[in-house]
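Next come two complexes built around chain A: one with chain B, the other with chain C.
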Partner chain A sequence: MYGKKACELVKEFSSSESGQLSAFNTNLFAQVNEECNFHFHQLQSLLSKMQEEGSDNQTARNADHFGALIHHLSLVRNKRCLMAYVYNRAEVLRSLCWMVDPLPEEIQEKLSSSEKEYSKNHSATIKSYQSETDLDLAVDMVPPKDPYIKVRVLDDIGSVALSDQIANLARHAILFLRRTDAETYISQGLMEELTD
Partner chain B sequence: MDSGTWDGSAAAAVTDDYDFLSSTNDAELLKRAWRTEKAAPEILQFEAGLVDRSREQIQLVEETLEELMTSGSDPLTVSLNQMDMDRTLFLLRSYLRTRLQKIEKYMVHIHKNTELWNRLSEQEQKFAKRCIEDLEEHFEKSVLSKLPDRYKSSVKQSVISEEDDMVPEPQLDTYVICRTKRSLGALQLDNSGIEDPVDLDPGDLYAVRYKSIKSLVYSGQVELV
Partner chain C sequence: MSQYYDLDDIIAEDELVPAVFQVAANGVGLFDSSDETNKVEQGSRVELPFWLARELHLRQAVSISLPPCFNQKTRDELAADAAHVDLKNRCPYFYELGCKLFSLAGDKSIAFLLLAAFQTRYKEVLIKAQTAALAVAPKFLTILTKEEMKLYEAGQSSMAAFKKWRMGGPRFQKASVLGRKRRPSD
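Entry: the complex of A and B
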């Protein structure tokens, strides 16, 4: 049945948990693309056949006309599905760009090559806005309650000059840090916030 | 002279003054701009002056803080100042972030429409342009380059489409929660044609369609929560 594969593709996206990505379905995606080309060839041959017969495709109401119409509509529908698949995944990617940078390996693995490039480009776009306005927008994701938070360091980071102190960030150390200082490390997965 | 009336109007003037003052306080204005931007489905006018002033204010507090720290004054004062600054910074960052995320979502729609486009700051316009380029490139590589010629557009389904029929737009008839500070008189809230004006009482909360009050949001007479 025409359009079935494209529908599967979109369903696959919509059944995944919102905000999460599953692996890019290269195989199915290529099959839908092939189907598009098949429709186009059919459409072309029907149109040229009608031209040879001298019937006008605006007024003719024969089997060929409707056949061509079906192929056109199937093609357009497939295109919409392909675009929706790519667009919605891009939307998830964009929201990930705001939360983590760079994208962790387990997410990278699920992306197509174009998606990898897109997330890289988009991260750069966000960064360039931040440097133009001279404001770090990746911190302060939640309203501040306390200027200091308790964190555990997850990796050996070493001695770092923070905005108010020089701290030795050794693995497993538990410290009180300025929230804005800590958030950068938290988003990179190098620290975790401890909540009592 | 009737002193009673005079007293009454003086008292009213005092509360008016208070309202006026609290509505011109930048922290209050920023909070309001942030809240409204968060709740509105479409992008609103960029508050350039307010953002500039807030940033100056933050800078000022930062300097005061440093002074306080070096002069070794009461840690509580420092902490309070710090918290105040942190909150303003959060509001500012979140305000700008909310706008950027809205731009990401409706970039093509905003770019096409001059009125919406002019609501963006210069940096936001640059951001939007780059967003569009990034996404077009991604579409081109993933889908469009593999499609036949007449189906290659990213905004139209095929060449037959007369209008751009593949551009995401915000839903303007969604419901929003709003509040007004002063009485605005009777308002006609829908286009059903049935005369049914509604009085928005000051301070009360209403759930109405965004479309019907958007001009009041633009003029700042109504705020969204």
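Entry: the complex of A and C
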């Protein structure tokens, strides 16, 4: 049946967990493109056949007309599926760019080459905008209540100069840090916030 | 009006609808793989995906009938106890497809069917989302359509948010993409 593969592609994306990316399905994507080519050739051959017979595509409602119509509709449908797949992945990717920078290796390897370029350019744009306005826009996504928080270090980071102290961030250490210093580490998964 | 990039809308339009060709069409041989003439004859009965059936129906090329999930048996079951009918198995996009078919087929009874079914089931979904223990929920979840699933999840997350607001919770969270185990297939 026409348009089946394209819909599979969309279903695959739709069934994955929202906000997360699975690997770009290059294989299926190419197959759908192939199907589009097939429809295009069929459409063209039908149209040229009608031209030879001298019948007008607008008025003649013969079997060739409807055959061409079905191929045209299948093309439009496949296009919509492909566009939706690429568009929705790009949306997820964009929100990931705001959450973690740079993107971890395990996400990078799931992207297609144009998606890699998109994420790189998007991060660069965010950075240049931030340096222009002189604000770190990714910080304080949730309004803070206290400038200091208690954190536990999850990994050996070593001695780091923070904004108000030089702290030894050894694994399992429990520290009282400035919120702004801790936040980058927490978002990278290197620390966790302790709540009483 | 649904959006061009809307994934659910795309998948809903892939549901099969029984149709009868009113005209012949050349160059399309995929409807019946045993047929090698590469042509669809007038009067052939086929199951077309909705996106194709709609456009062909609007051009009077095919006549469509209602898919099996709107048959009399389902209607009777919905009338008896809508909350316990397994709609997911029949058609995971029951409401979406119903709305689309209603405007196309002009069958007024679909609208009342959808409304009555949704009203009864909505109540049940909200009650379950706010009260049911996790152990009970899985069995109930298997009969919900995609739309009802979203309602259920929305109900649950707002309940969780309410509880969190009452207790107070951590302000910083790990980025959700981190700390996730990689699947072996990747």
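Miscellaneous remarks
Here, the second predicted complex is superposed on the first by the 196 of 196 C-alpha atoms of A that agree within 3 Å, B and C clash if a C-alpha of one lies under 4 Å from a C-alpha of the other, contacts with A are read in each partner's own complex, and residues count from 1 in each chain.
Criterion: a residue touches a chain if its C-beta (ideal position, glycine included) is under 8 Å from a C-beta of that chain, and two chains touch if they have at least 3 such contacts.
In this text, all values refer to a predicted model and were calculated from it rather than measured experimentally.
Superposition note: with chain A as the common reference, chain B and chain C can be accommodated side by side. Of the two partner chains placed by superposition, A:Leu28 touches none, neither chain B nor chain C.
In the superposed model, A:Ala173 makes contact with neither chain B nor chain C. Of the two partner chains placed by the overlay, only chain C lies in contact with A:Leu46; chain B stays clear of it.
Residue contacts after overlaying the shared chain place A:Val100 against chain C, while chain B stays out of touching range. Once the two complexes are laid over each other on the shared chain, residue contacts for A:Leu162 go to neither chain B nor chain C. Of the two partner chains, chain B is the only one touched by A:Val139; chain C is not.
Once the two complexes are laid over each other on the shared chain, residue contacts for A:Tyr129 go to chain B alone; chain C is not touched. For chain A, the partner with contacts to more residues, out of chain B and chain C, is C. Of the two partner chains, both chain B and chain C are touched by A:Arg80. Taking Cα centres throughout, chain A sits at the apex of an angle toward chain B and chain C that amounts to 90 degrees, reported as a multiple of 10.
Following the chain A superposition, chain B and chain C show a smallest Cα-Cα distance of 6 angstrom. Shared contact residues of chain A, touching chain B in one structure and chain C in the other: 80, 83, 87, 144. Chain C contributes residues 4-8, 10-11, 14, 23-28, 30-31, 39-40, 49, 51-52, 55-56, 59, 61, 168-180, 182, 186 to its touches with chain A in the complex. Contact residues of chain A toward chain B in the complex are 33, 36-37, 40, 72, 75-76, 79-80, 82-83, 86-87, 90-91, 94-95, 98, 112, 114-115, 117-118, 121-122, 125-126, 128-129, 132-133, 135-137, 139-140, 143-144, 146-147, 179-180.
Of all the residues in chain B, the ones that touch chain A in their complex are 79, 82-83, 86-87, 89-90, 92-94, 96-97, 100-101, 104-105, 123-124, 126-127, 130-131, 134-135, 137-139, 141-143, 146-148, 151, 154, 157-158, 160, 166. Against chain C, the residues of chain A that register as touching in their complex are 1-3, 7, 10-11, 13-14, 19-20, 22-23, 42, 45-46, 61, 63-64, 66-71, 73-74, 77, 80-81, 83-84, 87-88, 96, 99-100, 104, 106-107, 110, 142, 144-145, 149, 182-183, 186-189, 192-193, 195.
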